[in-house]
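Two complexes follow with chain A in common, the first pairing it with chain B and the second with chain C.
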Partner chain A sequence: MRLAKKDTVKALERRGIDAKTAETLCNAGFTMGKLKKASIEDVMKAGISKTSAGKVMEKLSKIDTKVTKTTKKVKKEERGAVTPLLIDSKLKGLPLPLSIIDELRTYLNKVKPTEAQLERILQMSVDAYERARIEPCEAVGIVAAQSIGEPGTQMTMRTFHYAGVAEINVTLGLPRLIEIADARKVPSTPIMRIKLEPEYARDREKARALGWKIEETNIIDVGSIAVDMAKMQVVIELNEKILSRRNITAEEIAKKVGAETNLDVQLEGLKLTVNPGRHSYRGLLQLVEDVKGITLKGVKGIHRIIIRKENGEYVLYTEGSALKRVLQFEGVNASRTKTNNINEIAEVLGIEAARNAIISEAMDTLREQGLEVDIRHIMLVADMVTAEGEVKQIGRHGVAGEKASVLSRAAFEVTVNHLLDAGVKGHVDELAGVTENVIVGQPIQLGTGDVELMYKAKE
Partner chain B sequence: MDKFDKKYTRFEKARIIGARGLQIAMGAPVLISTKSYDPIDIAMLEFEKGVIPITVKRMSK
Partner chain C sequence: MKKFNVLDHEMVPEHVIISKKEVEALLTEYSITKEQLPKIKSVDPICKEIDAKSGDVVKIIRDSLTAGKSIAYRLVVD
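Right, the complex of A and B next:
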């Protein structure tokens, strides 16, 4: 606090305000920012005479006018801007990743700097990039683990609450993070966000029709099922309203049920009767269950669809996920549709997409909890998990369990099994990793431990 | 990319200064003129001047 005050006093003195006035201003709680916004009356309240208050205002505003003058100058210089061709040639040799070079190119072409400015921008970019680089031998894994683990402890305290899309419950917080790390085949609440092609996205009716097409429709959704004990048959009463809304006819249902059960189905108006033919009570009940499970329409696994308007376009949110089939529908914008089922993404779109999904899912869950973790830590985890072409779990059955070293694996979980197994098979531990060397008491291959010295002759 | 290779990482720097400091502590002739008696200090001064006859072996490349 005191330091901040001193700085403010110094800054005021630099602008030509005498030390005494500056100090009284600071003691009254003024900072540079506040002073610039303050009026003469505000300043006088701090116990300063009208004349010196006026001086203070004048001096501060003078600075402001100076600043605006210099910005005008910069604008004039811009007229001598460099050509995109020069920008391209300058960008070519830079030791930067392609994505950053691309970003720089679009940015530079927008602001049109002069040649001197261009040089400076590029130099600063390279410097900033180098500063952000990790040095070789740095223990990045440990740092990543700590950087995700610490906010993780904060999450356990206020977790298990739901948020997200309107009526759909989404697993968030620590449970979701654990789910991602464990690489579960199916998340506990699979969700899809289906974006639509422009013509569907703007038309509510079209969006809704597509929604009904995708949503899984079972018999129970369109009517009620009853068992007629006396006649030993299953009776289905269809609801006309729902039928028209879901754009399906009673005839279609009758046909579908007939095909699925291989039984005789009779349709009278809106009443469907299925006659099993066999006269067993258990068989009849089994038939009811079978009929309930028949998918009449839509994609199996998409239990519910909710339409929302987001940024002027209609978006479908689903409970349940079936990426592969949903992407095939006409009107679905495949490149902007996503699911939170990472394994599904790996299967349908490939391992790189799965890696990106892991990163964005983990970042989103953390951000949703108000925790900001550097993306590079998450990227490292995602890289480790996907490096071998499939999404592996972090624990015993994945990354940790597949390490090359026996000692390292034994140090993690089920120690005896690993040691016994290694003994039986006569495995050799090369002591190449960190854990093994800690166990046997050697310097580890990290930091100074990974540097090998060599004699350098005089030049 | 060779711009990065010329610079030592902070680990390499520590290792070189450490090794040189040990040499000086055990009586190796000092390569610069200084009034300091602290081997680590001397090693750091030598490192800054670039006179330490030690470099690092880099595995991959």
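Right, the complex of A and C next:
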């Protein structure tokens, strides 16, 4: 404490304040930092006359302005040293990713360094990038597995959740993450997010009409179905209101039902009667089921459509997914429409789109739970899963099950099957991987263990 | 019903078939064989669209969230 006081006194004296005033200031508890922020009144409270307090303030501020003036001068000398053109040409040849180059360009154009400084900045950036890069022989897969696995333990098991989308169930959390990793053919809650062309996106009525066009309409949706036991026929009563809302007529329905069942359909007003002609009770009940299954209108598999307004445009959310057919609808903005069914994306838009979908779905699932996993880990998983040109699962029927080493596969799941199979067929394990070498007790091929020394004998 | 080109979808990155010479350069740069590249199926909708045949190498220019742009290669297989 005393030492600090002495230092402050010395610093004040250096600035031209007499020793006595400096000491009183220090005794009042002022330090250099506090003095700079203090006003004349604050200084006077320490028991110093107004004139000397004014002098103190003046001297302190003078020195400060002097300091800032000199820095300004230096800056002026630097200015105009390099042109943005030079910066561009220097940046072009750097072994850096585009995003870093863009960032460097904006900053360099703002700072305007001299050529020597520019060289130094670029060299340091390249060095920093090289340091940040993953090193050869690093176990990236294990790190990715741990980095996804640990936050995964914090995920809640809760399956159903209303993720802001009115009334539509979305599988989230751990079950969804497992679904993505297992590459399920159809997710448990398929959902599409249909973006619309501008004229539809602004008009709620048009969006609604398009929604009715896409949504699957069955008999159940437009009326009630009953069995007339006395006359041995199926009777359908249609609801006029719903018919007009869904933009479908009774005649159309009669025609469609007739075509699908190959039976005689009679229409009286809003009453539809289907006469099966066969006189078995079971046949009649089967007919009811058949009629229920007929898609009168829309896309099969799209059970429900909900309209939401997002960022000033109407977006359709669907329960059920049929990407290929929906993309062909007039008014659908096909290039921005998505589904959460990754296999469907792979089929319709290709393997690279599926890779993107895996990354965004996994990241969104984790983020929704408040977990931040570095995207590079997810990207590695997505790369592995799509490496063979189709979406494989991670488990024993996919990535892990196709490893070259018998021991490595046996260490994962269904041990006996793999060992027995390998024994019967006479497979050889080259002991080239990590797991195998852990099992047999050899140094593993990771990090420094992956480097081999060779000696070339002189002939 | 309108015709939609899958290449226009925002999730589909740019795919380019590269020449034999470029393939050679790529393989020597990484000292790998063609078969060590990731694969893309010849029945992939994108391969059909850009008319890539089995044995071609496709260069994919991805919009990367970490690197801005990143380049990947896939070997077309049946």
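The rule is simple: the second predicted complex is superposed on the first by the 317 of 459 C-alpha atoms of A that agree within 3 Å, B and C clash if a C-alpha of one lies under 4 Å from a C-alpha of the other, contacts with A are read in each partner's own complex, and residues count from 1 in each chain.
Here is the rule we go by: a residue touches a chain if its C-beta (ideal position, glycine included) is under 8 Å from a C-beta of that chain, and two chains touch if they have at least 3 such contacts.
Computed from a prediction, not measured in an experiment: that's the story for all the values here.
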First (chain B), second (chain C), both or neither touched by A:L327: second
Chain B versus chain C as contact partner of A:V416, first or second or both or neither: neither
Partner, of chain C and chain B, that touches more residues belonging to chain A: C
First, second, both or neither for A:A457, with chain B first and chain C second: first
Contacts of A:G447 with chain B and chain C, given as first, second, both or neither: first
Partner chain in contact with A:P95 - chain B first, chain C second, else both or neither: first
In the complex, chain B residues that touch chain A: 1, 3-4, 9-12, 14-16, 18-19, 52-57, 59
Residues of chain A defined as touching chain B within the complex: 95, 130, 133, 135-138, 447-448, 450-458
Residues of chain A defined as touching chain C within the complex: 97-102, 327-330, 334-336, 338, 345, 347-353, 356-357, 359, 375-376, 379, 383, 386-390
Chain A contact footprint on chain C (complex, rising order): 1-4, 6, 8-13, 15, 38-41, 44-47, 60, 62, 64-70, 74, 77
